[in-house]
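Heads up, there are several structures right after this.
In the two complexes below, subunit A is the common chain; its partner is subunit B in one and subunit C in the other.
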Partner chain A sequence: MQIFHPTTVDEVIGLLAAHDEARCLAGGQTLVAMLNLGLLDPPALISLRKVAGLDRLIRHADGGVTMGATVTQAALAAADLPGALAVLGEAAQQVAHPAIRNFGTVGGALCHADPAADLPPAFVAADARMTAIGPDGERSLSAGDFFVDYLTTALADGEILTEIRLPPPPPGSVGAYLKFARVDGDYATVSVAVTMTLENGVCRAARIALGSCAARPLRLDAADAALADTGLDADSVARAGALLQEAADPLADMRGTADYRRRIVPGLVARAIGAARAKAEAPA
Partner chain B sequence: MTGGGVAPVDLTVNGEPLTLLAGPGATLLDLLRSRAQLTGSKQGCNSGVCGVCTVLVDGKTARACLMLAADCAGRTVVTIEGLDDDPHAAVLGEEMAKAGAVQCGYCTPGIVVALTDLFRRTAVPPDAAAVRHWLGGNICRCTGYVSIVEAAVRAGQRSVGADIEARAP
Partner chain C sequence: MTATPDAIGKRLPRRDAADKLAGAARYTDDLTRPGMLHAAILGSPWPSARILAIDTAAARALPGVKAVLTGADLPARRWGLFVYDETPLAAGVVRYVGEPVAAVAATDLATARAAAALIEVDYEELAPVLSIEEALKDGAIPVHPDFDGYEKRPDLGFERVNEIARQEFSEGDVESAWGNCDVVVEGVYEVPSQSHVYLEPVSAIAEFDRAGKLTVQSANQSVYKVQATLSRALDLPMSNIRVATPAIGGAFGGKSGVTIQPLVAHLARATGRPVRLTLTREEDFMAMRRRHPAIVRVRTGAKTDGTLVARDLDIVYDGGAYAEDSPAVLGFGLLMARGPYTIPHCRLRGRAVYTNRLRAAGFRGYGNPQVTFATEAQIDELAGRLGLDPVELRLKNAVEAGGRWIGGQTITSCGLSECLTEARDASGWTGKRHRAGAGAGADAETGGKRRGIGVSAFAHICGLLGTSATVRLLEDGTVTLATGAVDLGQGAEAVLAQICAGALDLDIGRINSAPVDSDAAPYNWSTGGSRVTYMAGRAVVQAAGAVREQIVRHAAELFECAPADIEIRPGGRAGIVGVPEKEIGFGDISLRAHYRSGGPIIGSGALVYDGEAFDTKEALIRNYPFERIGTYVFGAHVVEVEVDTVTGKVDILRAWMAHDVGRAINPTEVEGQIQGGFVQGAGYALLEELLWEDGQPINPSMMDYKVFGALDLPLGLHPIIVEDPEPSGPFGAKGIGEPPLVGAAPAIANAVAHATGLRLRTLPMTPERVLDALDAAAIRDPEMPAPDRDPEPTPGA
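Moving on to the complex of A and B:
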């Protein structure tokens, strides 16, 4: 296994083109574990540690945020982003343990695309735009289109995720991330990421994405629509939860059976909506 | 760029600049234990779950088993051996011994490193809930954690204070 330490994105693209099956190494908090366990044996690793600028988190004047792919989960957890973008910080705070968050990166976690991980549903709920660069240039994908299947993203061979762009959160927007896990720091049995825009107690728009309920973060137009232009009354919240429950197609594993996961979806959705709404009602 | 063989890695370990030879798949934990003969950091799950290899990398709690050695050039590493003169670690050692928080001892170095990092970061002594949350990534299969948490809370009350900044190296 060869290891390369490029300093520019162009060099990374060149190395990916030159080495079949090469892997990019960011924080290594999943990749090195997989190497140690013998689950992966790539012919080449391309370290992103020395690539200039990838670890920047930029706050724009309009409230939008651009974060490089190697921003650490700890940096995101501490960023205290405004409005709906708070969903990202809450998810990052719940990734594993301090040592993992200190080195694990946002881009690494998103590219690993584990549907039980915390960041993918949060970035879908925040309507993030992902910037991918490859031999044919740059393109931008929605987070919803970025996640394709278990451990599979829409990145083509030779492409890397370089940055994630978050739109300016609308006035009155709030976000929350709730995870049900068996023990502190574990992957989700089920998780709920929600962003909403509230106007005098009326929900103008909502985006809900579930973790651990499908091969990728589960979002439903119908569930989001069930909350739009409502006062988030119990019936509307229950309807959104029921639609998501019906669409959920979770795995059964040591963190819960598929049936158990489906059963806790409506309750966790209601609690996440309640947590987000409480922020709108709290004095700023 | 590094080739596929064994290559030297320059890093600072416990204040000492070292050049250690690392194979391409070697981890920082391999380097510390096999090349630097620092065996205080233990190998447990080797996949980032158990926390017995916890060290400080560039001043932050890290899993030595999840840092690829060849990617550690220029980093500053502190292991349990490097905390010999640390005031937080010394108090922790005393309180853990007193509370019976050390049984087989395998998890102890990782726990002392992790708690030292917590004590350095906080201005007020952590309560039991804060200690439990912080140690979520350190598994102990002997004690049931009660004695460890008690010892950590007492140690924090003794060593975390207003002069924390002055005492952190």
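Moving on to the complex of A and C:
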């Protein structure tokens, strides 16, 4: 197995083109485990560690954020992003354990596209834009379009995720990430990422994305719409939860049966909404 | 001996702690030998199959491969604990998925593993036996068709196909006793297969010297059990086998017999080189050991005033593919099945059966967690029916010192009632038990969380089998202590050193503990059965006593007085009673002994458990594997839980764990055992279960099989040490290794019942199981009543 240490994105793209089945190595927290288990045997690894600028988290004056793909999960967990973007930090804080977060990268977790992982639903709820660069140049996708299927993204062969852009959080926006798992550090049995914009107690807009409930983060226009322009009364919250429950198509695994996961969706959605709302109500 | 030697009861730090914290402790897999080969195994893909042919040609052809062994290459010498049914590699038939079928030794690990993958095995699949029901049904397929022909020691009475053992332990007349009961509760309880999940997977290094002596270094709980089994498996005299013990990363019973040592020794013999094998975590999960799952049918009856009258218990343990400890696990479970109560009429029966799943074996609790989960649930169910406080009901029936255990033994010390009252009072039991909790109607205010508090009372033993120790006085008056008690990480070495220091009234810094190596260490049956402090500790006191006698004799000669006039003074001095200035240090005495008179001072102690035997006139005891085990230990747990009605998850909020340890030699070590045992028991209660589908393990990894970590349980796990000195114990001490696990699940289940009004009879109480029960109850009764609260206490009552 060859290992390369490119210093620019162009070099990475060139190496990917030159080596079929090569893999990019960022934090290695999933990739190296898979290598150790013999699940993967790529001919080449392309380390992203020396690629300039990929590990920068930039806070823009308007409140928006741009983060490079190799920003660590620990860095995101500590970033204390404002408003709706708090959903990202809360999700990052709940990824596995500190040692894993210190190495694991945001881009790596997103590109792995495990629907049970914490970051994908959070980035969907935050309405992130993903920047991909490949042989044909640069393009931008929504997080919703980025996740395609189990362990599958919209990245084409030879393309890499370089950065994620988060829009400025609107005034009055809040975010929360609620994870339900068997034990601390486990993958989610079900997780709920929510962002909302509240105005005098009225929800003007909401985005809810569920983890571990489908082949990709589960978001429904109808569920978000059920909350829009409501006071987040119990009926509206229950309606959103019921819609998501109906749309959920989870796998059964050691963390729970598909039926169990569906059953707990409405209650967890209500709790996540409650947690986000409490932030709006908390004195600044 | 002064009344309270300085070393006894002290929170002294452990000698191994610094190395372990620094990562400097050396475990078996850290060790290498010159020319050492690396081994890998190939496991069975089927729960039951006949091996038709094994083609090892491709594996042998791989450069670097030095040996490939299959069952056909090994002598047909079966071993076991009671039933001699095991071989190092499957012999013609595989009986569980993961059973080692072939093994490779090669110059490096990657080559060994690659070669193992190249071995081709032709199997004829057979219909497997995958559950207790399948094992015992009429016309069941025998897991061991040759069972009748196996050597057995002793033969423990099976009646049906797949029965490993069938035993009974009964007193009184249970059938006619039901008529005297005002209330009878009855239930079937199911408990799962728990994995030991020691942090260090099983590992061994074996090598032969040119004179033919075998040395094995391995993770083990008894160098002598390993030595004895190697002797049988390799047809070598024990004098040609040395078993040594590097640092051990936990065992919990899973390393109590042999593991892979015979296989690694065969590879060393075949290659003439040292060989190391360390199982991967997945292999360890699949091919080592587990706790016996069991089905427990119990009926318990009481009078209106709470007096317990009768119990009928029938338990079946799933022993898996090989018998190993099963007959003893069954026997010990039955001994615990009356519980720590006086119940005059008991019929306690059980069986252990073969299935085509991983062998079950000893595991912290040894058959006791299974029965105690069921029986302690029944005590609470009776309390509910009788309208009595669960703690009061237990206190009313609790055994006491001087009373009798089932089977007739006298209970020599007993702090059970004190454990119950201390845990009750520390927990604020009375207020929490009567507080109107969050019934269904209150979910809105509590965010869907319901709190409850529950109790359990339980017993165990700490006395069994043989052990020994030597104490040597070195030239400078310091001491080397040797025992055969392997330290598994629980602190045995520290506690035995403290006992030695106490018995000689020396500072702990003057006690050196010898490594446990069968070439030099005195015999100890095993580090297991919660017995090291009590049994090995007694041997240490004996050995130290023999040294004291010699010291006294030397001092008497020097001072020209009678030995009776000599006293041992703290700090390593002997002097004339009443004459403070007349004294001599142990160093001067030892120099005298070494160079002038009497020879070096060595003391030894040895005993085999000497408590009362079971009284076969009092009790009907059939096919019982022990003549005498005992010295009973007691505990009581109170646990407060919160049940999430949205997810079904049970969170432990706080626990108070009171344990009568006779005397805490090192309270910090005792507390560590209490907390660690409780956490492992909480995993048994709420989380852990090895699962199979069609005989295939489906969660043999730490990604899928979870154990509780530091963040999953509260800081408020409060150990409470109760000390009712045991007359026969070293400084009054008894054991503590297993009981904290035993009491966890029943107290948690009783707390869940208090919180929800629901009695869960199946472990683990996973979120899904709890939610199923909550949902079923809501369907049965949409206006579900508040949980079964105890009646409000009558003022002044």
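Note that the second predicted complex is superposed on the first by the 284 of 284 C-alpha atoms of A that agree within 3 Å, B and C clash if a C-alpha of one lies under 4 Å from a C-alpha of the other, contacts with A are read in each partner's own complex, and residues count from 1 in each chain.
Everything below uses one rule, namely that a residue touches a chain if its C-beta (ideal position, glycine included) is under 8 Å from a C-beta of that chain, and two chains touch if they have at least 3 such contacts.
None of these values were measured; they are calculated from a predicted model.
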Partner chain in contact with A:D184 - subunit B first, subunit C second, else both or neither: both
Partner chain in contact with A:A282 - subunit B first, subunit C second, else both or neither: neither
Touched partner set for A:Y260, first subunit B, second subunit C, both or neither: second
Which superposed partner A:N102 touches (first subunit B, second subunit C, both, neither): first
Contacts of A:G28 with subunit B and subunit C, given as first, second, both or neither: first
Partner chain(s) touched by A:L45 [first = subunit B, second = subunit C, both, neither]: first
Contacts of A:A61 with subunit B and subunit C, given as first, second, both or neither: neither
If touched residues of subunit A are counted for subunit B and for subunit C, the larger one: B
Residues on subunit A lying within both footprints (that of subunit B and that of subunit C): 183-185
Subunit A-facing residues of subunit B, complex: 1-4, 24-25, 27, 46-48, 51, 54, 57, 60-63, 65-68, 70-71, 114, 117, 132-134, 136-137
Residues of subunit A touching subunit C in the complex: 180, 182-186, 189, 253-254, 256-257, 260, 263-264, 267-268, 271
Residues of subunit C that touch subunit A when the two form their complex: 447-448, 646-649, 687, 691, 698-699, 704-709, 711-712, 767-768, 771, 775
Subunit A residues within the subunit B interface of the complex: 1-5, 25, 28-29, 32-33, 35-37, 45, 47, 49, 74, 96-100, 102-103, 183-185
